[in-house]
Structures are given as C-alpha cells and as structure tokens.
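You will see subunit A twice below: alongside subunit B first, and alongside subunit C after that.
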Partner chain A sequence: MNTTPTHRTAPSSWRTLGAFMGKEVRHLLRDRQTLLILLLLPLAQLLLFGFAVRTDIRAVRVLVVAPEPDATTSALQDRFAHSGRFELLPTTSSIDSLDVLMRRGMVDVAVVLEPGLASALRSGGTPQVLVVADGSDPNTGTTMRTYATAVVRDWQQSLGAAPASVRIEPRLRMRFNPTLESVNLFVPGLIALILTMVTSLMTAISLAREKERGTFELLLVSPLRPWQIIVGKVLPYLGLAMANVITVLLAARMVFDVPMRGSAVLLLSSATLFSLVGLALGVLIAAVTSSQLAAMLAALGGTMLPNVMLSGLIFPVASMPAPMQVVSHLVPARWFIEIARGIMLKGSGLELLWPPLTILAAMLLVLLTLAIRRTSPRLA
Partner chain B sequence: MNRSDAGSTGPAIVAHELTRRFGDFTAVDAISFTVQSGEVFGFLGANGAGKTTAIRMFTGLLAPTSGSASVAGFDVATESDRVRERIGYMSQRFSLYEDLTVRENIRLYGGIYGLDDATIRERSDVMLAELDFTPSVTSLVRSLPLGWKQKLAFSVALLHQPVVVFLDEPTGGVDPITRRQFWEMIYRAAARGTTVFVTTHYLDEAEYCDRLSIMVDGRLAALGTPAALKREYDVPSLDDVFVRLVRSPVADAG
Partner chain C sequence: MLRSLRVLLLKEFLQIRRDPVILGLLFIMPLLQLVVLANAATFEVKTSRLWVVDQDRSAASGALVQRFTATGRFDVVGYTMTADPGDEALLDGAASAVLVIPSNFARDLQRDGAAPLQLVLNAENGAEAGVIQSYAAEIVSRYAVEAGASRRSIGASAGALRPVIDVRTRNRYNPGMDYSYFMVPGILVQLITLIGTLMTALNIVREKENGTLEQLNVTPMRPAVFLAAKLLPLWIISMGEFVAGILIAVFLFNVPLLGSPLVMLVGAALFLLAALGLGLWVSTVTETQQQALFVTFSLIMVYLLMSGLFTPVRAMPDWVRMLAQLNPMMHFIELVRAVMLKGAGWADVWRQLLPLAGLGFGVLALSVSRYHKRTD
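Our next item is the complex of A and B:
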C-alpha cells in the first residue's frame, strides 16, 4: 500500500456538501417513526382544525315564539329551516318557558314575535321582533345573533314591509369569505404552524443532537465550512416542509373546498422563504443551546408559541393590546399568514404582497448571518 | 520522509508559546514543542491540565490567545482551512453516526474530505480487511460492540490519509485486548508516515509513545522519550514520573 499521503487539492465544495446532505437525508429516512409522524401530523391537524376547531357555528337551535301562528310566521320558520345553519325547534306560543330552556342549553337563539303581527303589517304599522341569543359565550352569541338577524331581515323584506316611505337599506356582504368559513382562515395559519414545527423544531433538535453526541466536533474539524453544514442540515428539512405544504393544500382543497384564488407558485415561493426563516432560527437555537432538550424547549417557546399566539393565527392581531401588536411585528408567521391569506382568499399578487415578503427576506438575512457566525468553529 | 504534500516536509506540529486564556483563567500557558513527522507523540496530564484545550487549538476549533502553532506546515490561526484538510480527529466521545450503517459512515467521511467514490471503496476495502472487520458493513453502527466502534472510528479518521491524526483519549472504556489492538493500529499508521498525536491517562499506554509530554496546570512540565523521562527523575516507572510532577509545584519551577 502506498504509504505517503497523496497530493491533495482542496475538496470540492459541492462534493463535500453532497456527502453531508446525503447523510442528513439518510437520518431522516432511517427514523421511520418520526418521518411518518412528520408526514401525517399535518393532515391530522388539518382535519382537526377543519372539523372540530371552528369559529363559525352550525346547527344553531332556534326557537320561534309565535303567539298567533299563521302563514306569515310559518314563512319565517321555513327560512330558518332552510338556511343550513339552524335547527328549528317546535314553535311555541308563549315566552314563559324560554328562560328555562336557554338555561338548560336547549335553545341557542329565540325569535319572539308580537301578537297581532300580521294585522299590524297589513295596517302599515311597525311590529317589533325580539331576537334573544345565549350570550354565555360572547363570541358565539354575537355570531348566532348576527345569523338570526340576517334571516329575520330577509323575511321582513319578503313581506314587502314599509312600502310607503323610502328607506336606505344597508346590504351587507363579507368579501373574500362570504360564507365566513373558518377553515378558510385556518388553513394559511395551519401551514405556518406546520412549517414552524418541521423547520425550527426539527433542525434545532437535529443539530443539538450532533452537539450532544460529539459528532458536531468532527464536522467542525473537517473541511466542511459552516455554511455547508447549515445548508446540508437545512435543505432536507426544506424538502419535507414543502411536501407538507403541498399535501395540506391539496387536502384542504379536496376536503374543505378551501379556495386558491391567487398564484400557487407565489404561495409556494413564500412558503419556501418562510421555511428558510424558520430553518435559520432552528440553527441559531441549536447553536446557543447545548442539549437536545434545551433546544427543543427553546424552539417551542421561541418559535412555536409566538407563531401561534402572536401571529393572528388564533387571535387577530388587531385585537391584541398595543405592546403585543408591536411585538407581533417580529413574529415571522404574522407576515406569512398575511401573505398566505392574501394569496389564497383574496387572490393578491406580488404588487400587494411585496412588503411582508421583503420583511421575511430581511429576517432571513439577519438570522442566516447570525446562524453562520454562531456555527463558526472559532467562537468558543 | 519525502512527501509530495507541500508544507508537510518539515515537522508535523510546531507549538510556539501557545497560550489560551478564558477570562482570568489560563488553560494553556505558553507551551512550545515540536513533533516530527511519523512520530507517535503522547500528550499526558491530569484532568483539567489543558490537554483538550491544546488539541482544540491544533485542530482549529479554538483560536490561540497568543503564541502560534502550525500543523502540517500551516498556521492553525490563519490557515485553518488547509489544516483541516490535512488532519484526522477522533474525540474521546465516540463519534460515528449510530443510526447509519458502517458503509454509510465511511462514505460520509470520505465524501466530506473530498474523496471520490472509487477511492472510498478501494480504501475502505483495504481498511476493513486490515481491521479483520467481521460484522457486516450494512449493519448499523449502533449494533456494534464498543471495541469495534472505536477501531472503526480510528480507521475512518485515517481514511483521507491525514498528515497528522489527533486522538483524544481514544481508548477510554475499552477492554485491554482492544486497547492493545488499537495501539497496533496506531503503530501501523505511524509506520506509513502519519503523525499520531494522542492524549491518554493510561500510563502504561504512554510507554508505547516515541516521545511524550506531560502537562500540569496548563504548562508543559516534562517532555522526552519514556526512557529519558524515567532517567531524568530517577524513577522506575512513568507512573512515578507523573505523580512526582503533578505533586510538586512545577508551575513555579517553569
């Protein structure tokens, strides 16, 4: 065997990077259990959000109190029965039992009509209608009241009331999400959540594991450069993240009919940018922590929590206290959700979305610079 | 030894007043020594004497506070990229990837050091044959006994035929037979011209080194062949040399 070391040239960056990235892919593929969870969890979350966690309300139990049931009042009942959101309870003629029924939770909304309603209408009077909603959950109560009022108004118009005077009638329409489907609103947020998990959390854990086991030192004393270590770590997870985005979007479209009004390419590019921000954050977290557990907790607290709580995913940014609104500017998911909702629901394009995209790009630049510097072997 | 590798015709390692401070604490205090090519150089010292800090400087993981060092002819502070291509490293923590197979680990390290597939295959065949490696190359490293893992880690560190290989307490926790085999591997590497820089706290192992240095409180307290050191301190074993150095206030004696 040749005993003297052969002449060496600096190893090609791409070969070196390729060898390292190949290893990352093998890690991912070898741990079948984790991979399966990472692939299926997003779908499970989508189904959970889509079917169970809803802010729109269906099957509102409505009670019509009609002291003098006639054709007019049954027209109202028909409208409730066919609206798709209401479950019509047998009409009563007295208001007496209403309080008890609501207390027991058997009635969500009651519409109480005046006695002599039909004759009042005929003689040109203005009969009154009382809408009572269960307000123990204010959000739900308000929504139910709004639904019920809308049905009552339609009914009122069909009766051709008040023909004599000219009135200005407001017509309300919710643009972009006319049926107020909450799943439409959740899907962009859910994508942000999944991407955060796959990018920040998984890279932080994977890098911290190398530090914990001592393999990281071996990488640092090798010709691998910090940027190669980072790119090699990050790209396989980026691939996984994109696979997740695509499956969630397809499932959302097939199961829940979630629209995609803008450019899918723009959405995927934005998701890539957002993923890179998350990946850089994950690398940075791993660089400043020394164990897998610490990295995991830091990733959960530092990325998942703000991305869920301060991004507008669950609580609208506009309804946060002012200081929190300021903090939310630093949360990457806030910008991504704005972009994703814009593309999916409003069909917005680059001309409208460049500000949040620029902010994400700036975040990526800062985080990546920090990550590379913190991964440099000379920092200790 | 005639090497085609530019920069390695001189000594393998030169340390000159090499110093590293962490705040007020001086971990390595102005050490100077030279290691010749092909030498098996032992680096001894109690825990916390500064061995690991010194190795981290030689391997480019840590910048010197003052002084200088060169490895394979290149300065560790200013030419660390070139140093890194020419060294092998095996840390005290066993560091192959447990969830990859033997073959995958070999391919990974070969690839990181820029070897092409044919070279990797050729060298790993020779390497495994020399090791008498009986487990399958497609078995996960996790499933190997510790002795095999350690021997494999050392062979992998030599795969790119480094000028210098740094071994940081390579034989911790393995049985005496494996330790013996491990030292045979070290000699084989040295006979091929690779300089071996090895830290240990087994003093019987220190006897196997061509020369050894003993660090006490960050300083180089003694340096020489095992025989010379025993003569100098007029004691029958390296154990006695070590105990004497660690007990006496060498730091003041310089």
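Our next item is the complex of A and C:
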C-alpha cells in the first residue's frame, strides 16, 4: 500500500522512530511512582534477602529428656549449651511434654535418654539414646538431627561409651561459595527475576493498555510501521532493565561482596540477550490478549511463575521430578541463571557457556518471529 | 442500606461470573499452579554426583566408596587417581561433590587408627551442600565404626565387653521426608494471598481507572457499603479456594491432615482479613492497574521472603525475626503446617491465632480508614 519510494522512507522512518521512542521514554519518566518502584524494589529485595535470609541452621532448640538427671546427663547438656549452634531448653523428665512442645513448634530436636542410663553403663549394658528431630521440613530436620547426633557422639566418646571406632576426619571444602552465603546464589536469580518483571510484565501491560484504551489503533494508522511501534515501545524498557541490572550488581558488590569472577561484559551481554527474550514474550502476550487484566494474568502465569519456580532460582532443577525438568528446558530464566551463576561464582567463560547462550538466542528468534507475525496489521 | 448492599453484592458476583478472564485468574490458575508448583517445589537432595579421587587404591578406600554408593544417595560419576579431573568436573557441573582419599589411607587407619579424608562440595547452593555434607558425614562415621570393629578384632580381644550407648535417630512428622508435605500447605497460603490481595487491589483500582468509582461515589450509597460489597465476594471466593486447595493437598498429594480442619478455617478467615485489607490499602495508594500490580507484587515478595516458606525464619537474624512477627503469612503458614502435619489443636496454635486476629482486624481497619479519608 505504501507507495512512497524506498530511498525516501529510510531516513524519515528512522526519524519517526526516534520521535516515537522519545515519547515513550517521556511516558516512562513521567510516571515517577512506577519508575521509583521499579528502580528501588530490586534494591530492597536484594538488601532484604542478603540480610534476612540464611540457609545455615542455627539457634536449634534442643530438649534433653532425662528421667533421672545426674552427672552424666548434665555433661550432655553442657555440651549442647556450649556448642554454639543450640539453644538448650530446660531439661524435662518425661517424654509427654516433648509431644506437646514439638507439636507447638517450640522444640526442634530432642535427645531422649533412658532411665538408669548411668547404672546400665556401669554394669556393661547397652542403654539407648534417641535423637528425634522435627522433620516436617525434611532438609532442615536432617541437618538439625545430624548436628545433634554429632554432639551426642562426642559425649558418648567422653564417657568411653562409644563403639570402637577409627577416627576418619573429613576435611570440608566448600567450593565456589566458601562461606555459604545464600546471597551469592540469589543475586543471579534476582537479576533474572527483575529482568522478567521489567521486560515481559511491563511491556505486556503497557501494550495491552494502549489496546484497551484504543490508542494502539491510533498508532497503527500513523505512518509508523508495526515493527517501529514495537521497537519504540520496547527499547525504553530494555534501558530500564539494564539500569536495574547494573544497580543490583553494584549494590551486591558493595554491600555483600558478591563475587564477579568472570567477565562483567559477558554477563551484561547475556543479560541483554535474556531481556530481549523477555521483551519478545511481552509483545507476544500483548498481541494475543485484549485487556490489561488478561495480559497481566498471562504474563504472570506464562513468564513470572515459571521463571521463579521452574528455573532453579529457588528450587534446584536437579531435585524436580523428570517431567518438570523437561519443562524447565523451555524456561528462559533457567538458562540465564545458569549463565549468570557460571560467570559470577565460577568465573566460567564463553567456552563453557555457549550452549545456554545459543539456546537463549534460538528462543529469541522463535519468539520474535511469532510476536511480529501476531502484531502485524492484525486489528479487527 | 442492606438492600443496596445486596444489590451491589449481586452486581459483583455477576461481574466476576461474566468475565472469563477473572474466572480464570480466580479459580483455574491458582489451583493449576498448586498442582504444578507442588511438584517443582522441592529442595530434596536426591542422588548427588560424586567424583572419587582415590590416591590410595586400597581395599579400605574401595570399601569406603562402596558405602557411599550403597546408600543410594551418591552416584559415582568418575573415579581417578589425580585431583585435576575432579576439579574440572566440579567446575563444569558434572559432579556436585568430590571425595579425595589420600594415599596411605588404609595404612594410616590400620597403624594409627586415624586417617584424614577430604570432601569438596559445590557450595553454590549452600543449603544443598549442607545436606550433602550431613549425608556424607553419616556414611563416614558409620564406616569408621565398622572399620574400628574389624581393626579391633584383628588386634586383640581387649574391650570386648565395653559398655556402649546405642544412638538411634528419627525424623518426626514427616518420616518419609516428602517435600510436598511441607511445601504444599505453604504454597497454598502464598497463592490465596496473591489472589486475595491482588484481586482486591485490581478490582477497586480498575473502577478508579475507568472512572466508575467516581460515579459510585456520587450515588447515595455509603462507602462502607461499597467496600463491604467489594470485599465480601473476594473473601468468600478466597475461602472457597483455600478449601479446594486443602482438598487437593490431601487427596492428590496425600498430605496428612492430622488436626482439626475447623482450626485451619478459623485461621484462614482471620488471615484473609489481613490479605484483603492489604489489597484495599494498595488500591488507596495507586492510580493504575499497572502500579497496583507492582506494589502488590513487591509487598508479597517481602511477605514471602520473611514467611518461612522457603527458608526457616528461625535462621534469620534477630531483628528480622522480630519484624517477621508482623507478617500474617508467617503465622498462617506455621498454623497450617502444624495442624496438617503435627495434628495441632486450639491449645497448640493460639500463638498463631492471636497475632492473626490482631493483624487481620488491624490491617483491615487501617486500610478502611485510609480509604475513607481518600474518598471524602
């Protein structure tokens, strides 16, 4: 339909694109409240997570149930009191109170001793000790139980009542994250989360809003080509996304000493690639939905949740059931988190990271094709 | 006044029923998510890929490695004499742990009764590394006992009648260590919070954005009636959703329900007051649906991180633990888990019910008064 000679469209189409983009940037900057939320929210999350969330287990409340408290049992209590990891609760003599306390969540681990433990030991018997952990949370339960058992074994040793054993001392080395800082693991994931939010969610809603209000039709009848509308709409968000990545990385570095062992340039380029995937998804979602609410719903269900739950951000992919692991291959954030963790924590370079990068690039190509096809002059 | 409330309630229900998008957002999405997420939400450490660097190559080192594989918790993916391949495997993710058995391991054990060992873990995920470590420690200490027994029998029969304490260990409430028992209740709470809060906020902000809120404001209807008509349907729907979610948890995921469902329902009723109140508050501070979405999202994110859903609140620094007392989600997740997994009753959960009641009525009252100020 467009009969304008091509040599004249080129410069003017770039100029209109520029003008349109300028308008979009002003839109974004004018809405101070949203902008502030978008810039500060990721930082708040980083600080909160870095300061608040710990995966190491401490302050384990331990209860010693000793029907006949004596020197032997108080030696055990001393060991718990001085181990630094436990909060010793007042010893009880009956197992009945243990049930109630554990049900109310006031005891984490209990060490139940037999009556007559000391005399049984003297006469060469084999008294039993039971270490019970609140295992409603399986991992925490297991870890607490292991810690408590270690204290009990030391006590056993000191009584000379340990089974004959050789000493094998495993020396531990925690590679890539020696202090077990959960914030190190979280920062790459947080970046993925923020990028998804700013790219997919924001673009989908902002495009859907134009559609809902009818202003999108106005844009379509303007001299702008569909691709220009999309690019103009989307690029400011890309800028915002990158600003977020950089502030989060700097804050992580300055406040929590989160390492950056690999190339920052590679990380930023990967983040750009991942953002483009997110933007393409956002455009696609806006193209197939008709209201803000529907776009929001689709963006939440289609991008945010899989990117949070199926990406390894919180739950390790390797722990998931096989079908979930297969599905997780389709989640862009899974690949980006792998890349970001590789670069930041392990110092990996392109030679190790080209497979996930290629997958992201392929996703971008597919989504972009779909998005452009669905957006084109498709207006009823 | 009651009449206008009835009419308005009818209108809200009609509106919800008519809009397929809202219906999907309210019913299908959360329950579908519960089913999908419950499968994905696991920190379970299954088999770890273990790389063995065996510099000893003795019967003793072989026996130790065999103990690792026999538990089913470790899968030996590489077995070398030198350390470098193990390091590489750790770096490219082929292995998650490397066990280094130094040369002279067997000789030292036999001669001195003691030998060193090295365990290198990929600690990117600290919690996972901790669990792998405790499994490895258990295996090694069991092996040490066996090796000690055989050493003694080779040596002398001394101390055959030594007294020994027999230490048994047990995990209570979830002996099968099924993660879904622990996560499904928590995820359900998260989902009804998201739905309750978000829907309340969006529902009111949408009327604002479309200008229909002003129309309603010039009618003789009192704001209290308007709010009641907005909140009541969402409260009822969220309660229904909670019940549906519990049914899914029990019948699909076999999560035990040991305690009284009534305790949980009372907890949910109070908790939803806080969740909907928060949504109402969001609607008073935002102008567009986009803003409402982001504010809700950021608040729920904070709630989530401090709720104990993913990481235990007790592990957090003291000031965060104090702050977390203001988080209704934390109390409610604790309550649901205690009732379902531990069979807690009224006497056991008043510590959660009390703050839930306080926060529920408090948040709602604050938001309502703020709403009034804004509309006057």
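The rule is simple: the second predicted complex is superposed on the first by the 253 of 380 C-alpha atoms of A that agree within 3 Å, B and C clash if a C-alpha of one lies under 4 Å from a C-alpha of the other, contacts with A are read in each partner's own complex, and residues count from 1 in each chain.
Here is the rule we go by: a residue touches a chain if its C-beta (ideal position, glycine included) is under 8 Å from a C-beta of that chain, and two chains touch if they have at least 3 such contacts.
Source: prediction; values computed, not measured.
When the two complexes are overlaid on their common chain A, residue A:H27 makes contact with subunit B while staying clear of subunit C.
Judged by the touch definition given at the top, the superposed model places A:L159 against subunit C, while subunit B stays out of reach.
By the touch criterion defined above, A:L218 lies against subunit B but remains apart from subunit C after alignment on the C-alpha atoms of chain A. In the superposed model, A:R15 makes contact with subunit B only, not with subunit C. Counted by residues of subunit A touched, the larger count belongs to C, out of subunit B and subunit C.
When the two structures are aligned on the shared chain, A:P355 is found in touch with neither subunit B nor subunit C. In the superposition on chain A, no contact is made by A:G116 with either subunit B or subunit C. Residues of subunit A that touch subunit B in their complex: 1, 3-12, 15-16, 18-20, 22-23, 26-27, 30-31, 213-215, 217-225, 377-378, 380. The touching residues of subunit C, counted against subunit A in their complex, run 21-22, 24-25, 29, 33, 36-37, 39-46, 90-92, 109, 113-131, 133-138, 140-141, 143-145, 147-149, 151-152, 159, 161-175, 177-179, 181-182, 202, 206, 286-287, 289-291, 293-295, 297-298, 301-302, 305-306, 310-312, 314-317, 320, 334, 337-338, 341-344, 348-349, 351. By the touch rule above, subunit A contacts subunit C in their complex via residues 33-34, 37-38, 41, 44-45, 48-49, 51-59, 100, 102-105, 108, 117, 120-143, 145-147, 149-150, 152-153, 156, 159-178, 180-182, 184-185, 197, 201-202, 205-206, 209, 291-294, 296-297, 300-301, 305, 309-310, 314-316, 318-321, 323-324, 328, 341, 345-346, 348, 352. Put simply, subunit B touches subunit A in their complex at residues 1-5, 8, 56, 59-63, 80-82, 84-87, 89, 91, 93-100, 104, 107-116, 126, 161-163, 191-194.
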